[in-house]
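Letters A, B, C and D mark the chains in the order given here, with residues in each chain numbered from 1 onward.
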Amino acid sequence: MKRVLIANRGEIAVRVAQACHAQGLETVAVYSQADAAALHVRTATRAVLIGPPPAAESYLRVEALLEAARKTGADAIHPGYGFLSENADFARRVVDAGLTWIGPDPAAIEAMGTKIGARRRMEAAGVPVVPGVHDAGQDVAALEAAADRIGFPVLVKASAGGGGKGMRTVERREDLRGAIEAAQREAQAAFGDRAVYIEKLLVRPRHVEVQIFGDRHGGAVHLLERECSIQRRHQKVLEECPSPALDADLRRRMGEAAVAAARAVDYVGAGTVEFMVDARGDFYFLEMNTRLQVEHPVTELVMGVDLVAAQLAVARGEPLPWTQAQLQPRGHAIEVRLYAEDPARGFLPSTGKLLRYRPPVAPGIRHDGGVAEGDEVSTWYDPMLAKLIAWGETRDHAIGRLAHALGAWQVHGVTTNLGFLQAVVAHPAFRAGATHTGFIGEHFEDGVFAPEPAGDEALIAVAIAEAMGLTRAAAGQGGAGEGGDGRSDRVSPWRALGAWRSNA
Amino acid sequence: MKRVLIANRGEIAVRVAQACHAQGLETVAVYSQADAAALHVRTATRAVLIGPPPAAESYLRVEALLEAARKTGADAIHPGYGFLSENADFARRVVDAGLTWIGPDPAAIEAMGTKIGARRRMEAAGVPVVPGVHDAGQDVAALEAAADRIGFPVLVKASAGGGGKGMRTVERREDLRGAIEAAQREAQAAFGDRAVYIEKLLVRPRHVEVQIFGDRHGGAVHLLERECSIQRRHQKVLEECPSPALDADLRRRMGEAAVAAARAVDYVGAGTVEFMVDARGDFYFLEMNTRLQVEHPVTELVMGVDLVAAQLAVARGEPLPWTQAQLQPRGHAIEVRLYAEDPARGFLPSTGKLLRYRPPVAPGIRHDGGVAEGDEVSTWYDPMLAKLIAWGETRDHAIGRLAHALGAWQVHGVTTNLGFLQAVVAHPAFRAGATHTGFIGEHFEDGVFAPEPAGDEALIAVAIAEAMGLTRAAAGQGGAGEGGDGRSDRVSPWRALGAWRSNA
Amino acid sequence: MSRLVQRGETSVALGARPDPKAPDTWIVTIGEHHHTVQARRTGEGTLLVTLADGRTAELAVTRDAQRWWVTGGGRTTVVAEAEAAGRAHAHEGGLEAPMPGKVLAVKVAPGDRVAAGATLLIVEAMKMEHAIKAPHAGVVREVAAREGDMVSPGTPLVTLDREEDA
Amino acid sequence: MSRLVQRGETSVALGARPDPKAPDTWIVTIGEHHHTVQARRTGEGTLLVTLADGRTAELAVTRDAQRWWVTGGGRTTVVAEAEAAGRAHAHEGGLEAPMPGKVLAVKVAPGDRVAAGATLLIVEAMKMEHAIKAPHAGVVREVAAREGDMVSPGTPLVTLDREEDA
């Protein structure tokens, strides 16, 4: 393995490239026309244009990716997460082209690729699963009947889904039809597969997932769990390791169940087994993600590993770099996700130019970012801009470091959820570890979060900066990046003020 | 403890402030007239001017520091390293003023404060020491006689010394008188104490130091060693943890000796016991530093601790946060020090304005810096600008990450040793772990390091940047920071070219 | 020079002038209140400010079209020019597309009476569906968007008269 | 436009012009060699360059008085204008203070014959002593500094005639 093509964009493409470079491997970035000057392109040692902005015409185009690999002499492909990372056909095409696929075997992806199929396998392997109906087909009436059998509240979920797309919570029967139709539409648009199914909605459950890793020599280990309960509309906002809710016995049992799940499909590489944990400490298999996870850094910091480096090693055929006994947790890590979205307007996506972007730098703070100052944020792709991860000797220590770092993060020009993240981290219920998947709905009314009005300090700074002429320089510089065409007007798309809200 | 005055400047003052803020403590920065806009001032929550630029009139002025604490209501003082950190009188004055001293008791500082006194105590405690003569007084003839007794080569060392100041290596008797006089002058200027002594120079020894930590409840632990052999003129350049040279048995014996040294003076807080290790694996006590060490981050990353947070806790009277058994090393960490010095001109100090300063951001990379883009680098204080620390699962992994990060570090406007650090990290002898205190002299001829000529890529970038007008913006911005007075001429003080060299 | 900026729901006059008697000292006016502060530039776009009570903070200030972004003292704040905010309010009756996207469904027709919060349209952006809801009760005067339309920020979608106006 | 820059010991003509036929394409001339490269601005002071062989790198370029600092492809390089380097060489006979500091000792007097590497003065800066040594063998013509003098960059210290000239 000498040259790795990274079939992705954003922070994960940057993360993978850095891991490759640290091993002396070259990297090939691929990019759409919208990403010609994106950070992941600037990080790689080669770059290939693969199509126009829509993902379906670029990052999801198998032919274009294989052609890019051929043209640049890449001998391996890392899929990142999202896009084609869990597409068994793509994995098979990569292998058939004589390239190394940095991920699990296509058969394992396929086995876990639909939630329905994965559930059946796990039931067979004795892993507990959430009550649900998966064989009702896609007819709305049949799905409604299935929901009646399980009893409300229920979840409508895309079989091929992830990241909250194609997923709806339904409390009342009369809302079910609309939810099913919307989920099917979203699933079709996002995954090219409209199949949805119905599942029991657990009340105030925790979302806990276990990192697993396998190799081609029969090795399989788990690397503790991640607590991902803090979600908004099924999109993860904050993750931590270890979970504040698990005791040693539950942790051991869930780890063993996760390894059993991995072994059931001869899993090779990094994967994640997601569970729901209810208030009684019962846990249910939710799904298995056959790829690296967005929130993998919290595991890396607590377990002392480099999961991407291990992916590369295992893909080269090397055995796992660690035994289960060697994998001992240390301290606590918390990750938050910075999204280009406006919490004051129902978390609608925001766009614009990052007039200033300076991540915090401090001991115990890690920044995995997909953007840099001067970049344009568009609506073409996922709105996640970056992740900030804090490690501490204890959970309180990590929270203290994270809270301080969040306050120093300079993100100007694009509205983000930064203030919301600060409010979550400062919340007494979060500090107490009382996290569950309804945390945000319970503590942040209506899913809307209004920023506090400007304090004296901010107004004083504005007044003096203007009087000094300090900000004129900044405006000039903002324009200079792209020919000084004064596009800063574009950074403020939310011109229609008032009470616009998403249906969150 | 609510508000901590940090009696220091540069990266360590920033580091301490960040640790305080993460615990919710306020901080008070002190600064000289040369540092009114320095990063450590910008990081603190309050700041007090304590005098003109010379350290003797500012950072070393006990009265001014105590007055600053009184005026701002600070209830504790952290001394950082250098300056007054190992001054027992200062510690005593702090305690007498009713403030918390974040460091060992004055008596312990005093006991270890002169190298001569410390050696005597260690000899008494059964810790092996380097052959040397410490009672010859300050008369040159007597010191010469002492050197004759020990046999050349010898080291002339300042009793109150550190950081290579007041230290000279002498190979031949005829060079001894000049070396003694120069060392005495430097010692007087740097520490206010001209006393020097003579010690046997070990051939190709390693410099290995053990981190220790004590509390007020009788607790004392060690936190592994740091290998600090890569030095230039007795100034550390690169440090790592663990040492590639120690086996488990030697590590255990040195750790126990270090804890014995700490217990011999009832040590409280963070301290370092320095040893020389010769080729046979014999080790000798060198000195004890009764403060936090510059290179403490490598210990933090490998041991999974926050030494500054622990200093604060122990100063509040809390017991040590760890037992010896809990302290298990994991992986490998390497630190390099970025100095404002010119390797092509014998490492003479350099000055100027940091026209561009962007530290690398990547997983496993930590940056502890004392400067930011736009800052002026003067000759008033220590030329160390920042430290970069890489952690990896293995030594090779850490080296790979470090090498890649060094290549991405953008330091423009001030000549630094960055290229030299890259050459050290790339050197096969370093990769093989064959480090000793003569490493740089042996592998880098004459202590001079010439950069390679510009490659095509750099020239192409310059040509296009100029043609695009890209660099005009940068020049304008550089000036804008201080009123656009076009001071960039000042960044190039080394106008007299040719063969000027320091006596390195 | 003084400008009007938004502070919460109201606007306030904001100005600063150097103190002729003391270096690096500014007198800042926020509405009726005067603050004497020390300030100096540090890096590009950053300011080190010391308040009268001795607290100090470095603040990064970025000028945007009609607002400033400020980070310092542990938070990021957006300060808007009052004039700009006023301009936006003038648009209140007309709902514009908030982001680039595609209209998936139009749920209302001219003449419809809607409650506050009623879904008017569904727009797809960033692979998610977003419901555009009525900011207040009212009567739909005009619907300018059709299903399948690609819209960008500022594209008029619906004109909604307030219930009290209707 | 072309300029002369230093490359190692020699100077080389450097120029760039946009390719009128292709967007984001530049023809760069380094001495006799022509390179066709793709280039576009990314952030402030940074450039994404793709070479003819397909390799790509982001380079940060900062203009300094008579030189450029360039970081990219794993290293930082200083490129000096040839003219500026030439000016500095003209000063060769006169040794100037290389940094701000204090003269601790003057070891030579006018008329002294010195070997290359002989210590001429000792200057203290950054709390360390630095020996200023003769860059070549020669005869001291003039000594302009005295012990205790505070010197700054460019302060003349010693004029040294080359041995072959003397």
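Everything that follows uses one rule, which is that contacts are C-beta pairs under 8 Å (C-beta built on N, C-alpha and C of every residue); 3 or more make two chains touch, one makes a residue touch a chain.
Note that the structure is a prediction, hence the values are computed from the model and not measured.
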Length of the line joining the C-alpha centres of subunit A and subunit C, rounded to whole Å: 29
Geometric centre distance via CA averages, subunit D-subunit C, whole Å: 50
For subunit A paired with subunit B, centre-to-centre distance based on mean C-alpha positions, whole Å: 40
Sequence positions of subunit D contacting 2 or more other chains: 41, 44, 57
Of all residues in subunit B, the ones touching two or more other chains: 404, 473, 477, 480
Chain-level touch network, classified as line, ring, star, complete or other: other
Pairs of chains, among all present, that meet the touch criterion: A-B, A-C, A-D, B-C, B-D
Subunit A to subunit D touching residues, read off their complex: 29, 36-37, 41-47, 72, 372-375, 477, 480-482
Complex contacts: residues of subunit C adjacent to subunit A: 1, 3, 5, 7-8, 12, 14-18, 26, 28-30, 35, 37, 39, 41, 44-45, 47, 49, 51, 57, 59-79, 85, 88-89, 91-92, 94-101, 104, 116-117, 119, 124-136, 153-154
Residues on subunit A engaged by subunit C in the complex (per definition of touch): 164-165, 182, 185-186, 189-190, 345-346, 348-351, 355-356, 358, 378-379, 381-383, 404, 407-413, 415, 418-419, 422, 451-468, 470-475, 477-478, 488-503
Residues of subunit B defined as touching subunit A within the complex: 15, 18-19, 21-24, 297, 300, 304-306, 309, 321, 328, 330-331, 359, 361-364, 366-369, 392-393, 397, 400-401, 403-404, 473, 477, 480
In the complex with subunit B, residue positions of subunit C that touch it: 40-44, 46, 48, 50, 54-58
